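Chain naming follows the written order as A, B, C, D, E and F, and within any one chain the residues start at number 1.
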Amino acid sequence: ERDKYENNDVAGVVTGLAWTSVGGDILFIESILSKGKGALNITGNLGKVMKESATIAMEYIKSNATEFGIEPSIFEKYNVHIHVPEGATPKDGPSAGITMLTSLVSLFTQRKVKKSIAMTGEITLRGKVLPVGGIKEKILAAKRARIKEIILCEENRRDIQEIKAEYLKGLTFHYVTDMSEVIKLAITKQKVKNAKEL
Amino acid sequence: ERDKYENNDVAGVVTGLAWTSVGGDILFIESILSKGKGALNITGNLGKVMKESATIAMEYIKSNATEFGIEPSIFEKYNVHIHVPEGATPKDGPSAGITMLTSLVSLFTQRKVKKSIAMTGEITLRGKVLPVGGIKEKILAAKRARIKEIILCEENRRDIQEIKAEYLKGLTFHYVTDMSEVIKLAITKQKVKNAKEL
Amino acid sequence: ERDKYENNDVAGVVTGLAWTSVGGDILFIESILSKGKGALNITGNLGKVMKESATIAMEYIKSNATEFGIEPSIFEKYNVHIHVPEGATPKDGPSAGITMLTSLVSLFTQRKVKKSIAMTGEITLRGKVLPVGGIKEKILAAKRARIKEIILCEENRRDIQEIKAEYLKGLTFHYVTDMSEVIKLAITKQKVKNAKEL
Amino acid sequence: ERDKYENNDVAGVVTGLAWTSVGGDILFIESILSKGKGALNITGNLGKVMKESATIAMEYIKSNATEFGIEPSIFEKYNVHIHVPEGATPKDGPSAGITMLTSLVSLFTQRKVKKSIAMTGEITLRGKVLPVGGIKEKILAAKRARIKEIILCEENRRDIQEIKAEYLKGLTFHYVTDMSEVIKLAITKQKVKNAKEL
Amino acid sequence: ERDKYENNDVAGVVTGLAWTSVGGDILFIESILSKGKGALNITGNLGKVMKESATIAMEYIKSNATEFGIEPSIFEKYNVHIHVPEGATPKDGPSAGITMLTSLVSLFTQRKVKKSIAMTGEITLRGKVLPVGGIKEKILAAKRARIKEIILCEENRRDIQEIKAEYLKGLTFHYVTDMSEVIKLAITKQKVKNAKEL
Amino acid sequence: ERDKYENNDVAGVVTGLAWTSVGGDILFIESILSKGKGALNITGNLGKVMKESATIAMEYIKSNATEFGIEPSIFEKYNVHIHVPEGATPKDGPSAGITMLTSLVSLFTQRKVKKSIAMTGEITLRGKVLPVGGIKEKILAAKRARIKEIILCEENRRDIQEIKAEYLKGLTFHYVTDMSEVIKLAITKQKVKNAKEL
């Protein structure tokens, strides 16, 4: 049984699109803060490349904190834990990069993620979004999960154009080239309920 | 020979349900505190995913300490050791997540775990409980071990409905979607005997 | 050639029972203290599970120091080294647990271990002793080594009852369920000669 | 689909030439700074030798900071993250050495990398550039990617001479023996837009 | 070509007996001190068990420093490096234990090792010396190397008795049961030339 | 294509002789200093034994600093990086020991290495040089590379005597038994140009 989109009540929870050996699926990136000295914990039965994506997202945010409206001194006062649920399933690859980035920006700003949105794309340290594979399978899974909007790399536009129109009904696509566009599309101005004072 | 339910005299000891190559069994999650600086020790011949569950439980509690009635400064003053007995048996998988969470909340609050209760379910950083496999085998093992109440993920309800009624006689089921429900169901208001002053 | 029981002059040396591919044998658990900051060194060509037993024993003692009459501040002033001799033989499994626990309690209290006693059993963080395998082979080895008393888990009583009476002549068995019983049976009130002032 | 040259707006981004099992390609070396204590993070699904190149580049710059016009105290105030995008592709070998060196010098000086330039060559601690393999494939890839200038080791000159002239049209080659030449050729005097004050 | 005994001019150099796939040989245990904070470096292409022997020797000396006439505060002021030459040959097993112990006692007391002596035996934390294998091959190698005296475990006496008398001509054997006997036999009262002031 | 001898302008660069699966070759040992706290970085696609040689060389120099005219407090103020170029080639074995030692002494004294000299030999903590293999292949490679003088272990003299005289024309051999001889032969009194003030 496939997962369904869930609400956006909690900071740091973002919906990604995954492509596994049994087809497409959605996945959730979750992140939380606890008092600490800046440690980064990563769990979820992840392979090396997917763990690297979490590191890249974290370092990118640290390096560009002010652009995201984050006070840089926060990073030394909290530990961050990033988790990808369903521990029984091994996961790997770079395509959760923008989902992780969005999760961390939501976490550090305590702002709500946009409703019914999902995304897939590799991130880079220079702020570019890179295309990823398995687009067709991911789109079908997103629809099944009642996703309404999807963020993809501009270079993945042609993959969408190759999919029959009927499969795309009810889905809105956002094609991006830069990580700043992802954040603008995915994160609202509204704080989550019970937002933490950081 | 299978294990039997044991009493609930000690903080941090919670009964879980396991599904191994030789069928269902109960297992115990044990946790203790010692003076320290916040180190987390995990033993019991555990695989990577099961160790991750312990980390997730610990970080979730740290991040939501006040909701559990735990003073956050405690975490820096003690080391925590989580152990799953029967070292000769390799164990893995995410299904001990809620049992570990319950064990740690009991430990940090020094409150008694409810009598004759057992549980199985994956935990997430956003506070959701996820369904797990092997439900039928686990239920049979719980009955053999004289468990009276069982906590499961709401999504596992259908697995129970598929089991013959006679096998379920004498068992009460609690279906949950959130980790806070697990704690409400499993942990009493009563302190354990000789409760530690933390 | 098999090992023989040795005297009990030194704190921290306790006789265990092992079951190897070539039959039963006795083994010695040795532990020493050196000035330090609480590091735990474990040697003896041990596998993962046996190393975990040493960690469990150490953490259990730290968590219950006052019950063992140990001043908790000691743990931060000394390093502990636990060794299992005969480095050429790989060793693993949880059955040295109670022997390691006894070794460490003797070490930290500088009290003598009872003469001619040996033991085998898994330890848990909740203070229970669990049964272990290879009982028959271990008992024969204990007799050859001139052991007089043996501590076993209550759940191993039936394994002894299945052994011919003649093999048991001259051996006294103590069946326990809790780790506190092991310490009462195995450790005397008498300090070792040249006991260290801790 | 092969990558294209991108602009030089961001400090720390440099174009390298790679030779993979499926032919030549360009790759990007990206590096960023974040407040810290001098840690070096390396990601991008890299093998041991390629990670070593990053270490060598970093240590070489530290050891020769003043020659590069870098204030040595900077190294203790920032963490550096070096990334090579396209995490799905494993990468290894020493040939990204001069690209990494150039990336780090651009990063620490916040100066622009020259436009439309790419490079390949191994670096050494004594400041020499060493020749690398796969030159023909790399040159063809550079052309496809609209690179205009290429920096190579002097010892790779003969590899270029063996390539048909028509393939080289529109490309300018710079042959170097020392790492200082690479920096002179590749890094401009101009600061990047929004240069960080280090 | 086999090694020959060398002089005893340097503190921390002791001759051991090794049994390899190509027969017996002598080996040297070397140890040196450098200013530091108590780190222990072990090199020489050693396996896990042989490295453990070095740890055991070091911890035993720390725990019994005053009996060896060593000022305990020394251990926090120096790093120790133990090396076993001939890096091309992998080495393992517990039989270099007493040689390592002797090396370290010589190092920390800066006293000369007795001339023309060699040894083989496992060490324990309770101060016992344990028997080892390959005695015949080791004795032949010792003779070839012009060793005059050999220290062995008492339990290895029978192995010597099984060797033809003619092979033993010119060799004196010392059988020991305790590590203190090894030190008395192997280390002289005389300081090495240019002894370090520790 | 084989490497050629290079000049001796830079401190810490020394020529060694290597014996690989494709015959003899020369190799360079490079080392540099950067401000730090005494860390030792080792790169160059090296195996365990070759990395150990670097550790041994470093610790030997620390332990005998004054004999080399090095102020011991330097070691705590700098990090050392030792690199062996040509990262594409895996390298291992103990024979680069004396080359590494010479590199580090040159580095810490900022004195020039003698011109056109190369060397091969294992080092020990007691200051002895040990013989190594592949001498014939190494000598042929040295000649091709225009080396004039070669330092070898005294025990390798016989290997040279077995080589046809014509192959040795133009080469001077220095046979040594102690590491101090290597330093006297290989390092000049002259500081390198732009010597660092340490």
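The rule is short, and it goes like this: contacts are C-beta pairs under 8 Å (C-beta built on N, C-alpha and C of every residue); 3 or more make two chains touch, one makes a residue touch a chain.
The shown structure was predicted, so the numbers you read here are calculated from the model rather than taken from an experiment.
**Student:** What chain is the most remote from chain E, judged by the mean position of CA atoms in each chain?
**Tutor:** The most distant chain relative to chain E turns out to be A.
**Student:** Fit chain E to chain F on CA atoms, both being copies of the same sequence, and give the resulting rotation angle in degrees, nearest 5.
**Tutor:** 60
**Student:** Which chain is most remote from chain B in terms of Cα centres?
**Tutor:** The chain lying farthest from chain B is F.
**Student:** Between chain A and chain B, what is the gap in Å from one C-alpha centre to the other?
**Tutor:** Once rounded, the distance between the two centres reads 30 Å.
**Student:** Using mean CA coordinates as chain centres, what's the chain C-chain D distance in Å?
**Tutor:** 59
**Student:** Could you tell me the distance, in whole angstrom, between the mean C-alpha positions of chain A and chain C?
**Tutor:** Inter-chain centre distance comes to 51 Å.
**Student:** Can you list every residue of chain C that touches 2 or more other chains, as numbers and ranges?
**Tutor:** none
**Student:** If each chain is a dot and touching chains are joined, what shape do you get: line, ring, star, complete or other?
**Tutor:** The chain contacts form a single closed ring, each chain touching exactly two others.
**Student:** With chain B as the start and chain C right after it, run through the chains round the ring.
**Tutor:** Counting round from chain B, the next being chain C, yields B, C, E, F, D, A.
**Student:** Provide the residue numbers of chain C that touch chain B in the complex, in ascending order.
**Tutor:** So the residues of chain C in touch with chain B come to 48-49, 52-53, 55-56, 59-60, 62-63, 72, 75, 93-94, 97, 122, 124-128, 130, 133, 155.
**Student:** Quick one: in the complex, what on chain B touches chain C?
**Tutor:** By the definition above, chain B touches chain C via 1, 6, 10, 12-13, 28, 30-35, 41, 43-45, 79, 81, 83, 85-88.
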